[in-house]
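Read from first to last, the chains carry the letters A, B, C and D; within each, the first residue is number 1.
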Amino acid sequence: MSLNELMIMRHELVLVAAVLALLIIEIGMPEERKQKINVFAAIIAATVTIIGFLPADTGMLFGGMYSTDPLRMLMKNILNIGVFLIILQSVNWLRQDLYKDRSSEFYLLTFSSLIGVSYMISAGHFLMFYLGLELTTIPIAALASYEQFKSKSAEAGIKLILSSAFSSAILLFGISILYAANGDLYFESFQLSDSLINVLGFIFFFSGLAFKISVVPFHLWTADVYEGSPTNVTSYLSVISKGSSVFILTIVLFTLFRVIQPLWEDVLYATAILTMTIGNLFAIRQQNLKRFLAFSSIAQAGFIMLGIINGTSLGMTTVIYFVVIYVFSNLAAFGVLQTVGHASGKLTMDDYNGLYKTNPQLSLVMMLALFSLAGIPPLAGFFGKFFLFTAVAEKGYYTLLLIAVVNTVISLYYYLLVVKAMFINANENPIASFKSDYSMRISLVICVAGILITGFYSPVFEYIKYLCETF
Amino acid sequence: MILIALIVIPVLTALAVMFARDARQTKNLSAVGMSVQLTLSFYLLYLFLKERASGNTEPVLFGKRFEWYPGLNINFDIGVDGISVAMILLTSIVIFTGIFASWEVKDQFKEFFASLIILATGVFGFFISLDLFVMFLFFELAVIPMYLLIGIWGSGKKEYSAMKLTLMLMAGSALLVVGILGIYFHSDVNGTHSFNILELTNQNFSIEMQRIFFPITFIGFGVIGALFPFHTWSPDGHSSAPTAVSMLHAGVLMKLGGYGCLKVAIALMPEAAHELSWIFLILTSISVIYGALGVIAQSDLKYINAYSSVSHCGLVLFAILMLNKTASNGAVLQMISHGLMTALFFGLIGMLYSRTHTRIVHEMGGLMKVLPFLSVCYVIAGLASLGLPGLSGFVAEMTIFVGAFQHPDMFHRVITIVAISSIVVTAVYILRVVGSLLMGPIKKEEYQHLEPAKWHEKLATVTLIIAIVIIGIAPLWLSDMIMESLGAILD
Amino acid sequence: MSYVVLIIALPFAAFLINGLLNRKLPHRLAGWLATGAIGVATALAWFTAFTYFFQSTSFEKIIPFQVTWLRFTETLQIDMGILLDPISVMMLVVITTVSFMVFLYSLGYMHGEKGFVRYYAFLSLFSFSMLGLVVATNLFQLYMFWELVGVSSYLLIGYYYDKPEAVAAAKKAFIITRFADFGFLVGILLLSYYTDTFDFAAITNPNHSAFTTMTGSSFLGISVLTWALMLIFMGGAGKSAMFPLHIWLPDAMEGPTPVSALIHAATMVVAGVFLVARMFPVFSFHAPEALDAVAFIGAFTLLFAAIIACTQTDIKRILAFSTMSQIGYMMLALGVSGYGEHGLGFTASMFHLFTHAFFKALLFLGAGSIIHAIHSNDIREMGNLRRHQPVTHIVFLIACLAIAGIPPFAGFFSKDEILAATLNSSLVYFAIAAFTAGLTAFYMFRLYFLVFWNRETVYEHKPHESSFIMLVPMIVSAVGSAVAGFIPFGKFVSSDSQPLHIEMNQTVANLSIVVAATGILIAWAFYKNESPLPEKIASTLKGLYRIAQKKFYIDELYLFITKKIIFNLISKPIAWFDRQVIDAFMDFTATATNKVSAEIKGLQSGQLQHYAYIFLSGVVLIVLIMIFNYA
Amino acid sequence: MMEHVPISHVLIVTSAMFFIGAYGFLTRRNLVTMLIGVELMLNAVNINFVIFDRYLFPNQIEGHFFALFIIAIAAAEAAVAIAIFINLYRNIRSINVEEVDKMKY
């Protein structure tokens, strides 16, 4: 194996290098200048993201354990951007005295998790996939309880780590059954036999991934963990963790389990309906905005299922395209939550009453983000959602489509509740006017630009479509 | 090029407004922008008529296609036919007057004008687009600012109304998603699917497909056209909305429904339309007469006008469902006519409200004495509404009735006569309002000293009245222009 | 003859100028402007009549002006044009002349009113619309001007808009006629659907092929054509205040008196008669049943209104009921008329329309003059006015004689023809017509004696004779009422435009004179001086008298239908239904969603083990279902 | 000796182990015991992988590797989990799972 060949694994190697670099900087940096680590982390994240876009070879490594191709690279790049944005958003939060001594932990764990994400996406073997999955989750569980003096944070950590351990046990059980039935664990050569036991194996396997995407009925951890974790960790969970799982689920379903497409279509059909509906019904009543966004992200997961059901390259395109938009929209929303929460400690819907009067720009960003999530033109979310619907309609599942569009109306209702709170409701004691920090602003500007441009700039979609067709 | 300008100018105006320094500049910018838009619309009319006069019989003129999403065969297709030109004219007149009617918006004026103009952008875009996707995009774009406009600047139980209106309209548009995707995937234009209306017109969709998607599409557009029983957003929405928003909403936005039903639901799926029209005819005739009878028991001016809009817009859908050129021509005329006069109504109601601070009819009285100008305008609007010859309402209603009468069978006859009977009820409620609002003795002492109409109010009302009168006196050019385009849709 | 356009355009111009400039215009200028315009129009109308009737030999239909106004289908279109034929030319003369009189009169009568300019604007609008109506070349143009006439009537009745009664009366008038127009419109649509045209030239051609189809197909046992014509007649009945659509006319007297003279006596209210006359060939050839209906309604209204007139005390209302009664005569005459040589009724009707316009306008102008002087409408507050208003007295007497049918005044001749025409048709109708002639004489002279003779009433201000400008039109009209009867009307106006030779039926004439004289004598006996007789008779006929005085409770019936049934039983329930059922359903979907959301919140219990339990059961459930599915 | 034990018996044992572990996870109130439940489940999977290699695919060693990795990961997971338990204990002085329900609905 030459060095050149190893460079196929560029994304992961760069991340490993980043982790190492951070460790070294952390150790070498004098105590009083520890603050600077935030800047380094942001720079490193930017570098990682940029390197990800550089052209590189694709192919397989380690006898097929690891494989990459332009589509997978794109997926990783999307998530890299997401992580970069999250890191920009966390800088100010980590600067506070409470965390400044251990801010590097946050970055280290985040990057470690990102390594897991990358490996998971590039997995060519169930073992590799499992390793990636665990590497994604475990650091995040630690991060979820990052705020060590808050019992909620610990609770979130516990719920996440135990649920995920439970779910990975089930997933592994599924893999073991698949192994028994087919005698192979390499994706490349995996041939699904028509044994009925595969159904069992597949569904156990699926539930493990569905857990990460928070598909109903495997979603129950989501809201609690999202609420308890630090906001930036929540962003990570809702965007990177979920996005990566969506990607790998799509890949796996479209390749390994292609032969049992009718089966997983049925499973997705049912779970998609449940996910959208339950997510929406719960979101309606939420007061805590993080919890609110948690349920909203469950509902969004339901919409994503719609694209996967399609089962063709169009479906895959729409899913990836939607995730791109979802990254921008959700991160914009969480960014606002983060900065407002950090500045005022306020997090409920009522606290947001009259926000527009004091912080118009943040309110506008939040509104755009929510409208994009709701699928309102001309924002990117509209295009994303419409294309997902296109994917369902192509399949001819008009009943499902009808249920989905009804759900968009319900979702619009609760998104509007937040908009109403910010723009319409009066508040005697509104959140004071404040200025958010530069890195947060940069991040929000990028998000808003993404929300505004992605839809109109069709080459994004066309490029993804091209990659999916050649996948 | 001119069509693109029609979208770009409002967008630029809205942007410019957001950067305006003060109220004065905001208003001036909006006024200038919308004046340019109005001029442009008339220029478009001129160009259109010139082209037609020179013998150009293409169904759609000034067509332009920009490839957008080639992978899904989505293109930014624009072009206009006679109907669109007419609707664009209507829109630019209403938004122009709407700006002047909201001259005295005090708080958050920038946002107000910007939202209002964005709303108008959506409407303009809707009327010029030939691609279902683009059309749908603009449709939703027009609906959403409504929420903020009503929610922030409205009155009464504005939050409830705004939410109800938005959700119901979005539910309608949700159905539209299903409808247009169904059409898209059942089409086959040179081996690919298509969103392009012109290409879709030549498709022969199977009757089974039409039976499913015609009702979905029709109801989808029907919700915004106040189709019974999906009209209940209208009374609450209108009564809470600020003046200019009511004007624009009732005047223009509700017309998207009729326009969409005609150009999408019926034009693309004519067989199902023939087969299923009876169901919707029953619903729309209920709309017509039910709305009119419902008005009589109302006492709030805005509710009165909202229900009367239900009745009048019901007539639009009713006419469209008659599926012949005359009735559809009447429908388009009715859209324009109703758009103008309801805008006038809502404008006047707003102006009266700002002076008397009540909208309850029997709390006012004798306004003719103290506010002669506004009162006369109100009477003219009323007369237009009850279909006085020489004003636009008459032209539209008669065309509809004549068209509807082309069906000699019992069902259509009965239902047409039911619809015609609404002219009596309309007269009842219009005169009732005029009688107790404007005539009679002055109810309250403080009404003696109401401020007379200001220049911008006069400008707004007079513009609308002129339009109503012109169409009422010389309707032939408009009617012919619309008729020509209908040929391509209905034949 | 394109100058005819001017006859219509001039009043319109006056309307525009007065209407748009309104407050900026001095009263005197506005008034004279409008009067001048209508004056010129009158001259032109007379000139037109002169050239039409005397310079050409045959009375063809001439269309000097026509433009397409709106196209419905390739064949069905509305034209705006001017049609000259005997009846329209006759109507032009009537309308312009009476208008001119009234315009002139109003200069005095309305002097100093605040809304003087507005008054003239509306009046001009009315003249314009009425003229447009009579010269319409097609049914739809007629309908349009018909509506315009209605609206100008509305505006003028409601001229004193701060008076609630006036507002209510205006509303009532418009709505009732609107209801009638609903029938009219359906009739037009029905007719035009089969004939594929609105054009009178085509529609009134009895040989039009569509009529055979229309008479062929029937609905509820009546041919479609008859339906169409009955519906059209419904419009006419509404405008002409025929029973049961008459209730607006008495109330319409709330308008200024000159308006009543012009609109509610001489011109607009006879539009229904004009309409039936216009459509007469079709009625006559293809739908005799419809014509029977016209006759019946006419006869009924004729008697009905006359009976009520005997009991009323408001001078203008008496005149209003008398108008209804007289129009009933015209309708009856049309209803019993045949076509061509048997068209005596037609000519009689038109003749009566013509003469009636003069004497009824005169009566109203006279009434106006009285009201102007004593500021009251109640005849019980009047008396012995001949001392104070000699000129008014004389012209009023002429008018009364004319309407009572005393030769040589105009009414005698026309009424005589009508009686003769009914005699040809049915004895019952003749009896009604003749009896009512007596009744007419009675109630008119009751009015006359009560106002000008009887006891001397104490007036707050001493009544004075009206000004010169008001007297002139009255005198001119009086001359007209006196001599108009001598016009050989049959020569000019007949059902088939061919001169019709009419001979006076001596027996009928004698009978009518006797009846009228009897009526006058009774009135003289009762009312010449104060006398207890009328009271006595009224109290013996207690119930009947009361019913007649209350106008047979038709108003109350209408009120019951509109208030109790339509408002309380339809509109209010609809408003309630809309809010409480339909809207509530929409709200219910929202609250139900919220409710479900609250119900299922227990799913998210916060208990980790509960979550895992659901997770595991979900997996197992899906596995079971799928294995069951795919096994 | 192994040959005398049919694969189905072993599978019954592993399945039983797996669900006993799950049962433990679902019913025990102590967080640490719950963690042990998960470990039990994971070990069931481990045995599965090993016996599949042994019985079904005697010439493959993937199952063995998988089992090894699972053991390693489980250890990591347990480490993190227990760290968090300690954190929780510091905050609420309890590691009873029923008390970990501050966030719900």
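What we mean here is this: a contact is a pair of C-beta atoms (placed from the backbone, for glycine too) under 8 Å apart; a residue touches a chain by one contact, two chains touch by 3 or more.
Note that the coordinates shown come from a computational prediction; the quantities given were computed from them, not determined experimentally.
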item	value
Chain whose mean Cα position lies farthest from subunit D	C
Central chain of the complex, centres being mean CA coordinates	B
Cα-centroid distance, subunit A relative to subunit C, in whole angstrom	77
Centre distance in Å when subunit A and subunit B are each reduced to the mean of their C-alpha atoms	42
Approximate Å spacing (C-alpha centroids) for the pair subunit B, subunit C	36
Whole-Å gap separating subunit B and subunit D, where each centre is the average of the chain's CA atoms	65
Touching two or more other chains - residues of subunit A	158-159, 162, 166, 170, 223-224, 285, 413
Contacts with 2+ other chains: residues of subunit C	590, 601, 604, 606, 608, 612, 616
Subunit B, residues touching no fewer than two other chains	167
Chains that touch, pairwise	A-B, A-C, A-D, B-C, C-D
Sites on subunit B touched by subunit C in the complex	164, 167-168, 229, 232-233, 235-236, 290, 293-298, 307, 325-326, 329, 366, 368-369, 372, 383, 386-390, 394-395, 398-399, 401-403, 405-406, 408, 416-417, 420-421, 423-424, 427-428, 431-432, 435-436, 438-442, 475-476, 479-480, 483
Sites on subunit C touched by subunit D in the complex	601-602, 604-609, 612-613, 616
Footprint of subunit A on subunit B - complex, ascending	68-72, 133, 136-138, 140-141, 144, 147-148, 151-152, 158-159, 162-163, 166-167, 170-171, 174-175, 177-178, 181-182, 184-185, 212
Residues of subunit A touching subunit C in the complex	158-159, 162-163, 166-167, 170, 196, 199-200, 203-204, 207, 211, 217-218, 220-221, 223-224, 262-263, 266-267, 270, 278, 281-282, 284-285, 410, 413
Residues of subunit A defined as touching subunit B within the complex	317, 371, 376-378, 382, 386-387, 389-390, 393-394, 396, 398, 401-402, 405-406, 408-409, 412-413, 416, 419-420, 423-425, 458, 461-462, 465
